[in-house]
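Quick one: the structure is below, and I'll ask about it shortly.
For reference, chains read A, B, C, D, E and F in written order, and residue numbers begin at 1 within each chain.
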Amino acid sequence: MKISARNQLKGTIVEITKGATTAHVRLDVGGTIVTSAITNAAVEELKLAVGQQAYAVVKASDVMIAID
Amino acid sequence: MKISARNQLKGTIVEITKGATTAHVRLDVGGTIVTSAITNAAVEELKLAVGQQAYAVVKASDVMIAID
Amino acid sequence: MKISARNQLKGTIVEITKGATTAHVRLDVGGTIVTSAITNAAVEELKLAVGQQAYAVVKASDVMIAID
Amino acid sequence: MKISARNQLKGTIVEITKGATTAHVRLDVGGTIVTSAITNAAVEELKLAVGQQAYAVVKASDVMIAID
Amino acid sequence: MKISARNQLKGTIVEITKGATTAHVRLDVGGTIVTSAITNAAVEELKLAVGQQAYAVVKASDVMIAID
Amino acid sequence: MKISARNQLKGTIVEITKGATTAHVRLDVGGTIVTSAITNAAVEELKLAVGQQAYAVVKASDVMIAID
């Protein structure tokens, strides 16, 4: 499957924390940690595990720009 | 200002394309291009320019995970 | 690629309207029209065309519930 | 109330799972299951219940397009 | 229609700017201006006009918190 | 830090409810309550507390318009 989302950052899963319904998955993307909040169901269906290669996927309209 | 958004990726602005109301701002974040769609008004107010240091800011709930 | 987004609705592209930077892509999903706003760049990269089979993909945290 | 969100898919609630703060509500929309993550508070205020008719509401800018 | 979105701020439309596909609608909510980016199609279908009473509607998961 | 998000509503934190992974933070913005769903980690990192001044920050593309 190819998706329209402009940002697909390749990394390695370094932490998965399941909550009651929402899980936090953290990826190391070239030394930067990216945090994702997805459903527990998605974690299970994709069989996500620490150490696995994965992508952080973000739609361009969900990216803001900040300056110092 | 400090913001709750979990993902604040430092980079350099490499391209700004203004549309009729929506602009696309592209950052080089450690060699990866991140694309952001924001309002033209934000580009002007923050005086964004190519070559400038900036952050791509993304709320954790807007990050999905994909696998090959 | 498999993605964590819980909603992947299969349909047929019935209309593509490009704007200055943002395109609107409409899918017929089992008789219901679903409207998506994505970048022109995504339309071009995925070579989207009317008549093509495609999926409308939505993260669960972007779905609200309404009642009459 | 009429809302600007382009996508308002009519269906029937088939499952409600409350978490600590976030609930998952699943609708059957013409045979397809749509999953929504909303607050527990919203579930209570709207008195959502399995078997009830409801709409999955999604803003166009939150819909991505994918192809096989 | 009642919707699960936790934030429904009543105000008055003070400006509508249509782009090629995306419109910006600005509301005065108790003296504060709130800016919304929606489709031109939504502006037309809801017959939005300056001076009209309307609500800015935001899902709780799209609200971040910042501090000075 | 200055951010592109068009909506930065100043208020006072009136309630913080932590869940397993997701917290709900409520602000009083000029008499209106605004609800935000963010990560527990963000609440801790920003040391958010009831009574504190804070901003509800929302990207324009996450604001819908509704009418009666």
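Just so we're on the same page, a contact is a pair of C-beta atoms (placed from the backbone, for glycine too) under 8 Å apart; a residue touches a chain by one contact, two chains touch by 3 or more.
Quantities reported herein were computed from a predicted structural model and do not represent experimental measurements.
**Q** Hop distance check: chain C to chain E, minimum number of steps through touching chains?
**A** The distance in steps between these two chains is 1.
**Q** At the place where copies chain B and chain C touch, is the share of residue numbers found on both sides over half (same) or under half (different)?
**A** different
**Q** Test of understanding: which option in C-E, A-B or A-C shares over half of the contact pairs of B-E, residue numbers taken as the match?
**A** Answer for the repeat of B-E: C-E.
**Q** Taking mean CA positions as centres, which chain lies farthest from chain D?
**A** The most distant chain relative to chain D turns out to be B.
**Q** Would you kindly tell me how far, in whole Å, the mean C-alpha position of chain E lies from that of chain D?
**A** One centre to the other, that is 21 Å.
**Q** Centroid of chain B to centroid of chain D, CA atoms only: how many Å?
**A** 29
**Q** Taking each chain's centre as its mean C-alpha position, how far apart are chain A and chain F in Å?
**A** Each chain reduced to its C-alpha mean, chain A and chain F end up 22 Å apart.
**Q** Counting only residues that touch at least two other chains, what does the list for chain D look like?
**A** 1-6, 19-22, 24, 35-39, 41-42, 46, 55, 57, 59-62, 64-68
**Q** Among line, ring, star, complete and other, which one matches the pattern of chain touches?
**A** Per interface graph, the chains form some other shape.
**Q** Determine which chains touch and list them pairwise.
**A** Touch list across chains, by label: A-B, A-C, A-D, A-F, B-C, B-E, B-F, C-D, C-E, D-E, D-F, E-F.
**Q** Could you pull out which chain C residues touch chain D in their complex?
**A** Within the complex, chain C touches chain D at residues 3, 5-9, 13, 24-25, 27, 29-32, 34-38, 42, 46, 48, 52-68.
**Q** Can you list the chain E residues touching chain B in their complex?
**A** For chain E paired with chain B, touching residues are 17-24, 35, 37, 61-62, 64-68.
**Q** Which positions of chain F touch chain B when the two form their complex?
**A** 1-6, 36-39, 41-43, 46, 55, 57, 59-61
**Q** Which part of chain C faces chain B closely enough to touch in the complex?
**A** 1-5, 19-22, 39, 41, 59, 61
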